[in-house]
Every structure is written in C-alpha cells, then in structure tokens.
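These notes concern the structure reproduced below.
Labels for the chains are A, B and C, by order of writing; each one numbers its residues from 1.
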Amino acid sequence: MATFDPQFIWFGLVSGSLIALGALGLTLIFGILDFINIAYGEYMAFGAFVAFGLNTQANMPMVVAGIGGVLGAGVLAIALDKVVFEKFRNRSAIVLLVVSIGLSFILRNSIRIIWGSGTKRFDIPIEQAPTYFGISILPDQVAIIILSFGVLALTFVLLRKTDIGIAMRAASDDTDLAQIRGVNTERLVLYVWLVGGLIAGIAGVMLGIDSVLRPTMGFLTLIPIFAAVILGGIGDPVGAVVGGYAIGLLQELSVVVIPSEYKPLIGLLVLVVGLLTRPDGLFGEATR
Amino acid sequence: MMAYSQLLVTVLIIAIIYSLLAIGMNMHWGDTGLLNFAHAGFFAVGAYTSTVLTTPAATGLLGDRIVGLELPIVIGLVAATIVAALFGILIALPSLRLEGDYLAMVTLSAAEMIRLIITNEAWLTAGTQGIKDIPRPLAGAFPLSLGGFQMGYNLFYLGLTIAILIASYALFKRLSESPFGRVLHAIREDEDVPRALGKRTPVFKLKSFGLGAGIAGLAGALWAHFFFAINPTMFLPSLTFSVWAAVIIGGAGSYVGAIVGTSFIVGIRQLTRFLPNDIPLGSELPFLRLILIGAALIVVLYYRPQGLLGDKERIQAGQAMEGE
Amino acid sequence: MSTDPILAVENLRKSFGGLTAVDGASFDVEKGTIVGLIGPNGAGKSTTFNLITGFYEADEGSVRFRGEEIIDLSPEERSKEGMVRTFQITRELTGMKVSQNMRLGGQDHDGEKVIHAVAGTAKDREAEIGERAEELLRELELWDLRDEYAGNLSGGQRKLLELGRALMAEPDILLLDEPMAGVNPSLTDDIIEMIHELSAQGITFLIVEHDVDMIMNISDKVIGMHQGQVLTSGPPAVVQNDDELLEAYFGGEV
C-alpha cells in the first residue's frame, strides 16, 4: 500500500485514456453487431506490432509507423469481417463470441510467429520526466492524453454530425429499425468495423508507447475494458468513455488502500458491483 | 519404442484430465447454457488446494510458504473437488440474474483474479516460484512386478484416471438425463419458462456451476499429483478457451462429444510434437498448434454447428424457432 | 358463481424510462371465472400480465392472490402458489422433446434434486408425472408427437403444448397471453372448448386476447384497458357497448 500521491491521478488519466479508447471501440462494435468480440484485444496488439515493425524493422519515424499500425488494425478488422464474421451474420451472439475466441487464438499466435513472443519496445528516446506540481509528466503521456481526447472528440463528431454516424446510432438502438428506414446495414457494418478497428489500433499503439509490446498486451487489457463497457452500459459510447476514465483512475488510486499487485482487482470489483447495482449502465437508460 | 509408449501413456493421462474439464464445461454450457470462462481458475483452485494440503511447508528463494499440511492425497483430492465447487458457486452467485455475455465477462475476470491471488500470496501458494515435489499417490509401490510384467507408475496412474473418468462420465450423464438435467436444459432453452412453471432457476444454475467447477477442481488435483510441480502460468485463460474449443468441436450437450473433442485438441497439441523441428516453421510449432485449434473451432462452427457428436436435429429444431 | 376474488390487483404502476406502461390499474378476478383483458395496442395488457406474474417488478401497487400479498414474490414463487402463465409468443423449449416439455411442468418433484438424480430415487413421482403428461398429450392430440423436438411443431401445436405444459403445473389460476394468436380457426374452437372444460373443473382464467369477439364470447367478465388504466369492467354485454372503450379502440371515428 502507498500513501496518496498526486502522481496517481496523472497515471490514472493516462491509463484511463487507453481504457476509454478501447472501451469506445468495443462498445461501438457491440452496438451494431450485438456480440462481444473477444479478439478485440488482439486487434489492439496487431496495430501495435505493425507499428513496431514499421518503426524498428523499416526504420520509419514513430509518427509514421504509428499511423501505419492504426491503418493496419482498421484493415484487419474489415478483412476479418469479410473472411469470417460475415459468414456467421445470422447466427446467435454466443456463436459469434466463440468464433471471436477462435480468432483471438489465431491472431495472438500469428503475432508470436511474425514478431516473436518476447517483450518489445518502440524505438523512441527514453526521456527524463520533467516534474510539474510534484507530478512527473512524460511527453509521451501528454501525447497519449491529447491524442485520445482528439480521437474521442472526432468519434463523437462522427456519431452526431455525419449521416453514417447517425445511422450507426440508430442501428445501435435497433438493428431492424435501421433496416426498415432504408439504411444499408451491410455498409454500416463495414464502417463500424473500420472505426472500431482504427480505434483499436490507436489504443494498441499508445499502449505500446506507454509501456512495452507483448503479444498478450491486448488480451490482458480486455478486463478493464469490459468493466468500462459494462459500467457505461453496453453499446453506449459516452458511457464507455466515462467508464474508461473512471476505471483508469480507480485502478491507479486503489494502491492507496490495497497492495499494488491487486490493481487489476478494481476491474472485477467494478464489474460485479456495477452489474449488481446498475445492470443498465451508468446512465440508466436500458440499452438491451 | 519404450520411450514412445511412455509418451503415449502421458499423453493419454493429459487427455483424460482435460476430458474431466470438458465434462464440467459441458454441464455448464451444453446442459445449462451458462457461459463459464473461469474453468482454468477452477482447475487452479483444485490443483493448489490438493497441493497445499498434501505437501509440507517450504522455504523458497522469493519467499516462504508457511502453509502445508502433509495430509493424505485422498483428502487432497476430495478437498480439491469441494473447494473448487464452492469457488464456482461463489463466482456464479453475483452474476446469476445476468444475461449470458455478462456472465462470460465476470467469469473471465474472476479466473484472472484467482491467478493473481495465486501469484501474489506466496505464503500460501509459493507464488511465481511454484510448488515442487508434490507427492504421487501410492508412488512407493511401483514399479510393480506382476508375474513377469513390470507395471510402471504411469500405467497405474493411467488406470486410476480412466476409472475416475468413467465414473465422472456416468455421473454427469445420469444427471443430464434426470429430471434435474431436464430443468437445466429448460434453463438453456429459455429461462423464463421453467420460472413460470415454479422452478427456482437460480438454485439450479448454482448447482450446475458447482458440479462443473467441482470436477474441474478434481482434474486440477489429478494434474498436480501427476506432474509433481505446479506454478501460476499453467492456468492461463488460453486453457479455458481450449476446453471451450473441445466442447464445441465435440458437440455441446454430448458428454461423449466432450471427451472426443478433448482428444482432438490434445491430439493436435501433443502429436505435432513428433514432427521434426527442422521443417519450415518447426520452431514455431507451439504457436501453429494454437492457430490450428482456433481455425478448427471456426470451421466446425461454420460447417457443423452441432459439433462432431452433437444432436443435429436438436440444433435445427432450435434454429427453426430463431428464424421466426 | 362465488364473488370471492382469487386475484386482486390494486393500483399497479410501471414505467420504462419516461414511458408509463401501466398507470394505476386495479381489478379483481373472481374465483372460478373466466376474465378477459382487452384493449388497443399499447394499452398495457402484457405489462400488466408480467407484473401480476412477477416477470416485471412493479413500481407501485399490490397484487393479492387468495387474499395474500404476492408483489414481492419471484415468478417461480408465484407459480408454486398456483399461478401459472403462458407467453404471448409461444415459448415452448424448442431443443427439448414434446414429452420433456410436458414433464417439466410437474410440481413437487424430488427427482429434480441432485441427490435423487444421482441415487436414482424419486422414480415414483416421475412415473406419476409421466402418466399425467400422457393423459394431457392424448387429450391435446399431441401424443403421437411426444418424441418430436418442440421446435418442429406447427404454430397451433405449440400453443397447445404450452397450454398442456401449464396444466401440468396444476394451476389454480391460468393466465393466458394471447392463446389464439397464430392459431388456425379449426384449432381455435378446440382451445375454447378446452378452456370451458377446465373452467368447469374449477380453474380460474385471466386471458389477454386481441380477438375481441372471442373474448366477449368466452368471458364471464371483461376488463378494458387503455393507456395503462382500466377504462371499464363488467359483463361482456355491458363492456361491448362502452363508448369510452370503443373510442379508445377506434379513435374518434365512432
């Protein structure tokens, strides 16, 4: 256990940003396709490793490599929909969930074969953290927070201002309804995979910048992401983001009351307490 | 030649222990429709319960394990089953009223939590050091000379695990075909219906969870006592997913299917070990195996939703309803 | 006919989000009678059903069954008390055989306990339940289909199976949610006849039905709902000519 340090809040914001991004992508996909994609963590890892390859093997600057990784995750999401998920479109949510388990096996181990199973780092300078107000703040972390705010803002503009985004929200409320009103559901599905995949890629690359890259990096982040999605109400983008920051902050601040080894416990705790008290999520409106 | 037959016996023992896991999972998913992703956790609880009960306390490089009771192995096996069953009930308790995919998330998280506790509470579990020198039942009596035939220990253990597998199979199949199983099946199909008919479905779900988790705990104990040593990395979520793959591939709802599916998965994992390492990608075989399992899972779900031995007619009757 | 209410609903309220589905509904169902619950779409009939049987939690109000408050009981507890329902869209268990669907309705069955299942005891009760299931299946003309998966039945057969399964639970009151929906006319008469027969045996009925003519024919009392409230209630002949209800059904066109 530790005594309170404002540093924890900073760490909480950083990991909250990552969780919020992941949760947003996962909840968007859930909203339209109505199943939990267990392979989502692998989309994140894939984006990170593509960026790693471009960065260290093709010697591209981190920014370029990062963009490449993000695009890679977007392409992967669409490709997997075309090759796999499309074939199971009319099957139950549980079947799709199990299919995504199979995919996560395939992806994680492909990453191991292509890039090796060890721990990797991006080729970026390790910097001395300057201290402001007693909080040491790395430029990378600032970038993560700003970037994630930017992506979140952009996503919400997309959801509220563009035709396709408004259709997405309509479909998320009721897939059949959208069909009746003449929205092309198949095209919508592609868009949601693209957006979800790109967001996964961004979250993955930033996770890699924040710490290290491992083939299991995405999978291990799934639990706090699940917790954030449920806390926010499954399928609710705003809720997922708020939930993500809440989980990130709670996790980092929890070290004041519990040993830091048990930080991941917060995810489970929030999951259980959240499910028992607010099965419809933070903002109450029943989404299912 | 001798080496190969020894290896085969070991592979069979692994397949049998995993089959016990699949039997438990089939009660959860095949019979009751519960999405349990905590199976590796129950397996771990069983392994550690029996180990802690049957080994002495020990000092270690990273920390001392202060609990160790040196009780007889039989007590370890029974306790492993009971403690794992209790863990199953405990995990199911808060999530009983939840829809299927919520349960999946809670159980997956709970299994990770069990692993976290095992990793960190070294006073009880020796943490990342793992526990070694776990005793084997009746180890002193082998090799046993039976009129010219030398019976090795592994063969004895194979016999023991086969006996346990047959007993478990018979027990779970009997449960599944009983009026108790009928209520579980009704919960799987549509939980509101048994509730409307006065069945206390939460209690039935807890019992299902407890039974399936209990047999997973027994499997864990059998694993620990055969392989001498355990550590937290043996109980990753990928184990749970492999068991899932086995149940789906074998055919959810069929106990024979659970065993066949497990044999298929263990077969892929173990028999590819005989491939020489100098073939292309030879050093990546462990990963290729997992890719193969993932691909098999998807292919089976696409071409044969009922699995290898599942009831095709039942699945189709179910889909007739969905289509409306 | 006795006037002793077996079921008394009082001031029942339920809203979803901002939408009030049931807004202070009160009515009685007298023992041994057939009571019809009618109203235009969105009147709150199905929600009322779900509140009475415990599948929804009421925001407010009371449901008394044989004089006892049951509002806090779970659906399974209410069912054990003798209140059994069917569902609007048939919910026969598609992946279970017809005979197993029926047997599931059997009550007080020790064979459903793990210990008896393992020991193979409580066989007598299972046999009794099996006999009763056979009796009912023959009556419903489903006996030949007993080994068929329920998902393979026709729409009308499913309605019959659901009715039979509910009867297996030996109800004192049966709540039927649109028993005629999707049933072809030749079967409708069979179902009506069956309801009369069961009513003669002392079972009380509360029926939600879209087919107003059928309800007017069969019921001793009709309750008309509109916008979550009870608009009118009384003998069919009276309710039939209730202007307010007609207004609710047909808007201002009357």
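One rule holds in what follows: a residue touches a chain if its C-beta (ideal position, glycine included) is under 8 Å from a C-beta of that chain, and two chains touch if they have at least 3 such contacts.
This structure is a prediction, so every number in the text was calculated from the model and none was measured.
The most distant chain from subunit C, with centres taken as the mean of CA atoms, is A. Nearest to the overall CA centre, using the mean of each chain's CA atoms, is chain B. In terms of their C-alpha centroids, the spacing between subunit A and subunit B amounts to 30 Å. Averaging C-alpha coordinates per chain places the centre of subunit B 43 Å away from that of subunit C. Averaged Cα coordinates give subunit A a centre that lies 46 Å from the centre of subunit C. In the complex of the two chains, the subunit C residues touching subunit B come out as 53, 55, 74-77, 79-80, 84-87, 91-96, 100, 103-107, 109, 111-114, 116-118, 120, 122, 126, 149-152, 165-166, 168-169. Interface of subunit A with subunit B (complex): residues 35-36, 84, 87-88, 91-95, 97-99, 101-106, 108-110, 112-113, 117, 219, 222-223, 226-227, 230, 259, 261-262, 264-265, 267-268, 271-272, 275-276, 279, 288. Those residues of subunit B whose C-beta lies close enough to touch subunit A in the complex are 35, 94-95, 97-102, 104-106, 108-110, 112-113, 116, 119-120, 237-238, 241, 244-245, 248, 281, 284, 287-288, 290-291, 293-298, 301-302, 305, 322.
Partner subunit C is touched in their complex by these residues of subunit B: 171, 174-175, 178-183, 185-186, 188-190, 192-201, 204, 207, 211, 313-321.
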